[in-house]
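Same chain, two partners: chain A is paired with chain B first, then with chain C.
Up next is the complex of A and B:
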């Protein structure tokens, strides 16, 4: 097929590949500064209690020690996304095991580690709550007794351990359930999983001679880090400069502050630059894992499989701070309704504190949890009604022009195509009843996060093009994708483009590398910059040719007027000689997604922006004796709107699926009374190359009206479906329906034993 | 703290260092020699990002004492390139989209280097087994396996392998 594009749709190598394969790329853990000291955290050993005293005297006398930093060294104020319930170091109470209480600064990491053991902290232990069910009981211990004093966004409705109570309501659920032929109620429980980036969170901070805080870090969001650090240290944002290092993965786990604030506090007290790198144990006990959810889901259907109503009660365990969990509690309701057309809905969710690790925004924050519930239940219903699971989905999915649960009109809906293609690829119709082997299917929609983007596109003196963005490259190659958009529109080669990224002082603002938005939003800002740049190019050429700007024609690699031409290099030379060079500020903000606010109560996320649609299918075997799973084939069909760089989109899909398989089968941070029992990679089992199957990806291009060349968000969706897809295949293979994640071999064997006990 | 005097050969170059006896090869590579291409993460030989080649075998440098490397040949990612030219493994990783965040890649490439030196014509399954000690969270491993398979063919064709 002939493509109308030169650069878009081609699998170029990423622009930063060479530095990464040669070992030259400088990551956060690699970065060093002259005069740098090292910091180590002192973490709470108890899940709930008061700090009685902190004695630093002995530690301060140890060799190499420069400072011990505590809450007293920081302006006392709390910060947070929706509810300001976080503090840098615990000031009076500790709320989870692993909570930072103080930090030691020393000449070497080893000296800091030794001094950590010499700081004497006394606690008074208090009762804690470790499950959401306990936490919402009347009279339960409060994780934050002073919760009423905390500032919060006006949307949220709080009460004690509940940080938001939100609802999504449509039609008359009671009536619809009465009119249903069958009503199904199930409970699904999901697991705490770590994003698992291979580079721990790392930062270096120093205070320069004008008392500006300068930070180098591997954050996903330099501008949010700037704003939060300014809030914590009572500075104006411009007094904080955040620079990016190369980033060893993020997956949402590096959206919020990681160790930047500890480094900043330590550097302030020690008077020298200080570096912090999270240890593996700190990552497992005090990073920002995915929220575990408990979902009670009721669905009313007709005998021919038409869904009449859904009702749900959702508890989101956010851990000791609310963090992004308030958002998860909202967006999960958009997942629980869809991607189906349902006339009656009554969904309610609560985000709840417990005395455990604060949670974050791991890739598709509510996606896998909601999808596991909805899509598992779809198969249970199909089985009960004796309808093919694919057919049950086709009878209920949204189609072009349908309304989403929030009342937004859905456009570019490709879900039927995705489902049929996935079914075809996995051989759905040919599946034979074979004990121990089964196929599963699941589908979903997902949003492309909005937020504004700015880029400076600058012509170098040799015609080389600099793409200057405030957005981070976290590994997805999305900035290479944005550069492809730029190269296509500007009429240059991808190799002519150089990306400059990540310095809050010199790059334009960007909402950042989150929510599948990078190539989408930065790419669109590039298109705007090209329009502006080409206008300037026409003006320059018009002067040179004594013509009118509107008569100048843009060509690939320059401009022309009649038979006179100017290359980009020549234009750049004129611009440098006459007007201080050529630079354009391109900007983008997605148009608001119109929807019915009447249907949502206290929801902090209410829309599905430029929705993408996708289906996964798997063919697997289950060993009934050991519970071991063997995946034979895994198929993903994803509507990406426009495949800007197919190879890296496949990379997102393959990586996301394997991450999803980890959540489905093997990963879980296990707590016992608030203590993490597996705080290392020996016992926290992420999939290895031996566990990962080969994955076949099929890209559907049903263009969005908003994205560059029709692109939709790509990065998050692949992690959503694996738990449900695999659960459905296991149930098809051995009639064991596991409703809690992860679906370990032990659980499969236990469920099989229960099934056979019932049968006899 | 007992210090040991070591004479280490890293990427063909001799280095004399004096380090505490309990320091790992990773400590010496990153902190003393400032070869930060070798990455640091779990420090318990589970993640594999610190993998280097010692006397032809891939090892997790985080759990190998520097003192154990006295008189042995250590090769890191910085020693793989021939001047400005990438090694065929590095080239294949670039071409096959095997690099995302890249943090596991030095360890992955060094693992593959030692493996291909002993197994010039591997199957995909054998490659998966060989790299199972190095975690990659971005790629799902598929394109890494593609890259190693492609590099193995190129190395055989170039006659660098029997």
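Up next is the complex of A and C:
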């Protein structure tokens, strides 16, 4: 293929590869400071109760101990994304097992651990609620009895344990269901899964001589960390400086504060820098896993498979704080409607407190849960109507110019292409090739999160180009993608670019590495910077050549005017000598996605920005006796708008699929009365290399109007479809439909036994 | 808290150190269980006696009577041992599914047995081979059948000052094959929810003889399945015969419900894997077609 691009579309090695491969990269867990102490959390052993007393005397007398920090040592301040229901240390009540109540600061980690056991905390246990069904009952114990005192965004409609009740409504569902030939109702339940980043959450904090809080951490969002820390410690944001370390994976699990606030509180009291690193057990009991959802989904169809109406009731279990769960409860409705054209919708969701681990924003929040429900049910309907599942989808999917369920007009819609390609690649015509073997398909759309981005692009003295960004590189290579956009537009090689990132004091603001937006938004800010930089280059050259700026031509690696040329290095030299160097501030904010506000009630997320479209297909075998799954082939067709770096997009796809397979088949944080029964990686089963199948990726380039060179967000989508795709293939292979995640071998065997009992 | 770290240069020293330090001392070899226990409980032993200098315990030997595996033999050694091809291949099959590469490089057979997890993957096949273990302590040396050595979860007959030195088993006679299967949620880094090992020989008349079947992770300790073995003796493994053996095996299981699997699923898998292990072993004898399997 003849590409018009020099740098875009090529699989260059990522710019941070060398440091990561050689071990020279300094991760959060590696980072150390002179005089640094170590902190360890003291966590609640009960799921619900009151703190009666905290006795720190014995711990303070232990060797190496500098301080024991509790809620009394910091301002009484609640914080949170939509509802301010979180506190750093529990002040009066504890709401989940693992909730931090205090922290010990000591010379070594071991001394801190020893002292943790010496702090005597007395609790009065109170009844808790552990399922959303219990929590919404009238008279259920309240996880936050003082919920009415908490501040919240005005959009949310709260009541007791419910942190938002939201609806998406269109047309007349009642009438449409009456007119439907068939009406299907199913219940789907999803699992609590951990983002599974390789590096635990880590932070070092210290208070400098001007009483500024300085933090080094492996957060995904330095500017959000800055704002939240300022809120907690009653500082102005500029009194908090957050520096990024290299980050060992995030997957959304490092969007919100991890351990930065503990480090800051501990450093404040101890008067020395303090480092916190989450233990594996803390990760499994008190990090921010994906919300489990219970989805009741009703769909009315005609006999020829036209969807007339969808109705859904969704319960989002956010755990002990609402966190991102309020957002999940909104965006899941956009997922549940489809990527389908449905004239009548009545979807309602509640985000609900329970006395369990607070949940967070794991990669494609709401995506896998909603998709599992809607795409599983599509296959059930197809079977019942005796229509091929692919055909049923093709009869209902959105196409160019259609309206999404929120009323937004869809552009660059490539879903049909994705579905047909996936079906073709997996060999769909032979969908049930042998006993125990079957193929499944599922499709979805996903958003490219908006938010603003700024970059400084600076010309170094030797013509090298510095890309200074406030966005983190969390391992996806998305900043390398942004650098490719910069290199392409500026007319330099990728190797000429050096990325500088992660210091809230010196980098421009960025909404951060989240929501599939990094290469998209930072890339666009780079394009803006290039426009500004090139204007300045022309002005400099014009002076040199005694010409007009508009007559200067930009070339690869410099400028020219007639036969006179100036290289970037020469321009940099002139700029350094005459005007303090050359630097451009590029910015980007995505245009708002227009939608019909009449349809959305109390939703905190209402649109699918620059939507991407995708389909997955799988070919697998099921051992009917042991329930074991063997995946023979896995196909992903993803519309990426423009493949900026195909290799790293494939990396995102393969990683996402394996993560999705974990949610589909093996991963689950298991609770019993609020206590995690598998708080370690022995029994929390992420797929190993031995479990990862062959994955084939096909990239579709249906350009978006907004993204750099037409790019769409690519990072999150791959994790959305595996649960539904695999569930559909299992049902095709052995006629067992499992509607709860994960689909373990045991559930398959049990379901098969139930099916055969019913048959006899 | 300080932990004393001792490095004996000889077996005698190791025993003497253990005796001197008393019950607060723990032996360490690969450390893949001990270190995890220390981290998990936060309870540290008073002394750790490292056995890694006792290199003589790291060898696999054989003579006309059978095999002797030093207690410090690693799972990596077992899974890559050429002498454990053919009839003894279940040893390799058991060793290669324990933990991951890093664990198998250092985890020792002696450690796996002394740790006495009900899910220890090496135990079922060694029970099938009627293995003995040798313990050397301050009052001398003794041999105990492996079946008696492990008493229950994390409980063995080993006295605190006894070092396990080797694991021995006789080579089965005639034409035989072995097989090992395990059930779990993943293909690596997985603690078995059921482990099943089998050894089967073919009689001159073409029937099964000297059938040995052992299961792990389906009761407080791994055990031989005597009733199923007896039932299979002298029979040809027809579908009905295998079904019945599976039922007998499942009846002998006393599994627990835990976060990994329910008791009823474990029992179900015992039946399936007992049948499949015998079937697999039998197919291997038939495929081998000659006595090479016992080499």
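Assume the second predicted complex is superposed on the first by the 758 of 760 C-alpha atoms of A that agree within 3 Å, B and C clash if a C-alpha of one lies under 4 Å from a C-alpha of the other, contacts with A are read in each partner's own complex, and residues count from 1 in each chain.
Note that a contact is a pair of C-beta atoms (placed from the backbone, for glycine too) under 8 Å apart; a residue touches a chain by one contact, two chains touch by 3 or more.
Only a predicted model underlies this, so the values are computations on that prediction, with no experimental measurement involved.
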| request: Name the chain, either chain B or chain C, that contacts more residues of chain A. | output: B
| task | Kindly classify A:651 by the partners it touches after superposition: chain B alone (first), chain C alone (second), both, or neither? | result | first
| request: Would you sort A:755 into first (chain B), second (chain C), both or neither based on which partner it touches? | output: neither
| task | Name the contact category of A:690: first (chain B only), second (chain C only), both, or neither. | result | both
| said: According to the stated criteria, A:146 is in contact with first (chain B), second (chain C), both, or neither; which is it? | reply: neither
| Which of the two partners, first being chain B and second being chain C, lies in contact with A:670: first, second, both, or neither? | second
| request: Could you tell me if A:682 is touching chain B, chain C, both of them or neither one (first, second, both, neither)? | output: both
| Now for A:246: first (chain B), second (chain C), both, or neither, which partner does it touch? | first
| task | For A:384, decide between first (touching chain B), second (touching chain C), both and neither. | result | neither
| message | Going by the contact rule set out at the top, does A:625 touch chain B (first), chain C (second), both, or neither? | response | second
| query | Just which bits of chain A does chain B share with chain C as contact spots? | reply | 110, 680, 682, 688-690
| Where on chain C does chain A make contact in their complex? | 1, 40, 42, 100, 183, 185-191, 259-262, 265, 268-269, 272-273
| said: If we count contacts the way the header does, which residues on chain B are in touch with chain A in the complex? | reply: 20, 30, 35-44, 46-47, 49, 76-78, 81, 86, 90, 93-97, 99-106, 109, 127-129, 131-145
| Residue ranges of chain A in contact with chain C within the complex | 110, 113-114, 117, 625-626, 628, 665-666, 670, 677-678, 680, 682-683, 685, 687-691, 744-746, 749-750
| said: Can you tell me which positions in chain A touch chain B when the two form their complex? | reply: 11, 13-14, 16-27, 29-30, 110, 195-200, 246-251, 277, 279-280, 474-477, 647-648, 650-651, 653-659, 680-682, 686, 688-690, 692, 694-695
